[in-house]
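The structure under discussion appears below in the form of structure tokens.
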């Protein structure tokens, strides 16, 4: 056992390996598992809303069907493609870092960030349309075009699900901006890119949730 | 191995309040959690005492109905969210989990500190709820009452949400630590049983807690935006809330009790000087309980109006979870067989635990049996049952663990004689307080009742007097423990001749835990040394 | 501490970049596919198709973008446990919410239509021209005021109603468009709207309305097995029992207590009146032997209901001064009053009855 | 001792057919628990005492790290006991869930903080539930506000009352006299005062009571108001004097002269109102269209009288 004041760095970076880890890879491995455990927790967090969706849909499928017509499936589709593309660029940025191509990696991160911003802008237009039409949560719902059941419930679900997802997108944008800044600063190389890797895992989960939200809300209602 | 210079340890190096507040040392965070949660235990206890005093006479004794409703809600919410859920995992788990697996720290020390402050943020919100007039929904927040009442539900719910996040971060940290930071030779079956318990708890924390987070978040949304999920007037379903709530809160019962069992699994072999009987059954039963806890939540809802099919499924699943619990108890008792049992304070608490937790567990049988459960649901029988499990179980284990590890944590010995008096007082007071409640429940005294029929008065009075014994015991215990911090005898590294890794290092431990590489053996190498394989 | 356990493979997995591109193209393809399939209606399969495609997309993201395919078993276990516990959450919650909710409306429907004979209902479910014609008349009298003469939901009553009455011409249905579902709606009414329960109509009348309304709607479905089950029309009808609102014993007792009022003294003088016999035969069962009015328990109606006839003593009614009005009321009955039409009297009998009725009313 | 325990457990009357069955199962679980508990605790104390450590104790402790057969035996043993308890409980629960044919139905409304009971003939009582002895009774329960729970200790039955849905509960009371009804689901301030009495009468007495007058019943006016609102009369006919497009207000209607669309003028007396309810097309008020549905057969005579009384009360 060497003295505990000695500090080890990951090869080629200024990243000090915390004293309770043996090696850079050991830290990477643990961090990645930590992220996966966190993703489990995220999935369970969203699951409560999916359960609510399943139960209310089973109770009144006709209402869900009618209400889903009020959503613009082309905007939803556009957002789906935007998010899928951002997932690709995020995966590529990790790939480029592994190949020590910091420049391409940071370009990919910018692209990812822009896609996220596009997603939010489209979301803004969708939301403002809903607000104007009175397609609001159950208590404030005033739209008159749907006659079945309690369509307010559908829009409550819509706002809760897309709202929570949108919150994750916003948080993701912040984190992506941060890792982009660090990438540009030259913090990462092929040996150390843990923050980008875990950010990527998080970002793919955001994409994953949307992959389910899109058909459930926009397509089949 | 050498027990080096114990003048420099985690407590005094580095010095200063600020160094504590920004520490990322798991031991210091554990100690901060310990004192924080004990303070909340005292706060929740004050509400409990007020409730008991109110019940000295039927009708008004010291408070009115609304104050009573607020008091029992705060008692429940504080005890659950601010004491019993974080207490053992976050205090003892933080302090001992890394040491017992031979690691220098938890996997993510900064996240560990973050979880402590997130906990405080939630606690502050909950305290805000008290300041802004309290909450009167019961800790269960059942809708639609919680949507309609005009008390500070939003504060308490956000507090619960944020404290849940803290709990998740702790659990996440522990899972990764157990998997990635075990010392060489520390295989899964060389883990002390305490680690198995904390590990099982951590799994439940990560899987279940996000759902309560979403549930209380939806409750807040319901109050702010009227989303209507749980409001029948808007097409929602109030029983759906109960499903969401108990999907977390039943596993949460095991977040509360499994760490308690974990502590007992350490104390019994240490004070019987004998290896644990049935290591694998105890270890596996922790995981079995963790898994099965997710499929039994509906036994809280047998009379709620849920479907017959659901009641049937939940009842049969609950049967399953009873078996691993029974296994644990039998194995603890069997461990004492032919040992060298010393009746010191931790062991007294452990035996009190077995006694009261057995009662708590067996009275659970009344609740899994559908027909009887219908009668006893929401009566004092249930109240007594879960206090026997939570307080007779977890709190006894916590007190046992506190005494067991006190010398290790602070390097001082407490007064053994006062310890025994405290344990005896606690045992008597506890059984008076809650034993009488079983009888009241049988007689049909519903829970959460401010007023009650005259015929229940003698039993209520017994219960109230019992609660004063508990308070006396708690005050006594806290007094001699705190006294020992200043005037206590200096503790040796291993006062109990226990075998797990934390006893191989100095008391209190040095900041970096291990000055030399830990030598891993099987967890409880008492008895025949030739069988105690060394993995140095 | 030199080494922690078992990290044999200490290098990062590097995925070839073209795999990412291929996966992305596949994902876009699947997105297009799911949008395209959403344009077609597969009924119950909509959900299955959409979820299958979404799961496939999710699997691609997890396996390749998140590289779980190349990851260690622990991280794979994380994902598996997440899926497992979400499944537990959904399935067990469904075992209550969905089961309970299928049960709930069924219970209410059965309670409301209780007395309706399922065998009769089953017979009338099939549409006939006769029924549609009959329904048209009933519709004009009972429904057009709100639902509009042509069924456009634009009757004069509609203006004041919120929610608006159903527009039958739109093809949108809230409570289902199958015969049994509409029947149920008519029978129970819709809580919280202007649609009252019309359970007072006979089963025939209600089904006539059903078939008329369906005949004018551009879109409707047939009874599904579910609908029939909900209405209790599945299986054998031999178990059918008329709904018992009241304990049978109590009902029987009530019915035994039909008012047996003695003829008052001052009316005794009429007992030799030539119309008395006719009156006793045809009218007294409801109006009382001396026209004093009575509580009449209508047998054969489910639930048993009591009708009351008014006393004729001092009655100010049009017919008292007008024999032709009397004749019209008696022969045609009073719509909406439960008064049956009684005809086939000869002119002598008419005048005797009229004179006796006038006498009873004190004229 | 056993007798003492028995008294300790259930000094409660067994006032329904269900109660003795629950108590029997309770006893079984109780004695099974005692049977599992005593050996465990006795063993714990015995081992603790017998093998207590003494000064200079040089005993060698044996190394016993478990016993497979023992673990399996314990698992199977408690498993079997638990399973019996489950099956037995399920049998009882089945009974509770499946009311026999021909039950007498009573509507129950639990609201903050009282119980309201509606009987088949329209009679309503508050906080007093009258029951015929020996006749199975089914309660159909609902709540307009929050969760409540209907609990009769002496009958050993309990069922939550849930807003937005109907829950049912059946039992057969077997013991004359009064039994406490509690609300067992927390419902706010006066939760502990949401009490009622179940009063079990002989069937004859019950019938007599059911047909007799009852001071707790809603007044005719109250019934009328209730019908006027629940039947949606108020949707078209305001009670405030405001005219809607759909129908004339009923405020101050009684004894007013009304112009009809056929040009005639009538006085709005009881008969006029009654006719207008049963067969609205008979008299259509000038300026309105004949859009009101007929309520013939939908309202009982008592209901109509009540509505008339209510309209009478709405003076200008």
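As written, the chains take the letters A, B, C and D, and residue 1 is the first residue of each chain.
In this text, a contact is a pair of C-beta atoms (placed from the backbone, for glycine too) under 8 Å apart; a residue touches a chain by one contact, two chains touch by 3 or more.
These figures come from a predicted structure and were not determined experimentally.
Of the two chain pairs examined here, A-B and C-D, it is A-B that is joined by more C-beta pairs in contact.
Inter-chain spacing, taken between the CA centroids of chain A and chain D, is 48 Å.
Separating the CA-averaged centres of chain B and chain D is a span of 37 Å. Centre-to-centre, using mean CA coordinates, chain C is 25 Å away from chain D. For chain B, residues touching at least two other chains, in rising order: 104, 179-181, 207, 211, 236-237, 239-240, 243, 247, 305, 308, 514, 517.
Annotation for chain A: residues 1, 21, 26, 29, 33, 37, 40, 44, 47-48, 51, 55, 59, 149 touch two or more other chains. The set of chain D residues touching two or more other chains comprises 165.
Taken pairwise by the contact criterion, the protein chains fit none of the simple patterns, being neither a path, a ring, a star nor fully connected.
Pairs of chains meeting the touch criterion are A-B, A-C, B-C, B-D, C-D.
Within the complex formed with chain B, the residues of chain D that make contact are 8-12, 21-22, 25-26, 29, 32-33, 36-37, 40-41, 43-45, 47-48, 51-53, 57, 59-67, 70-71, 74-75, 78-79, 82-83, 85-86, 88-93, 95-97, 145-147, 149, 151, 153-154, 156-160, 162-165, 167, 180, 182-193. Within the complex, the chain B residues that touch chain C are 102, 104, 179-184, 186, 207, 211, 237, 239-240, 243, 247, 294-295, 297-298, 301, 305-310, 313-314, 514, 517-518. The residues of chain A lying in touch with chain C in their complex are 1, 21-23, 25-26, 28-29, 32-33, 36-37, 39-40, 43-44, 47-48, 50-51, 54-55, 58-59, 62, 66, 73, 77, 80-81, 84-85, 87-88, 90-92, 95-96, 98-99, 147-149, 190, 200-201, 204-205, 207-208, 211-212, 214-216, 219-220.
Interface of chain C with chain B (complex): residues 1-5, 74, 81-82, 85, 88-89, 92-93, 95-97, 99-100, 103.
Interface residues of chain C, counted against chain D in their complex, comprise 104, 107-108, 111, 141-142, 145-146, 155-157, 159-161, 193-194, 196-201, 241, 244-250, 253, 305-308, 335-338.
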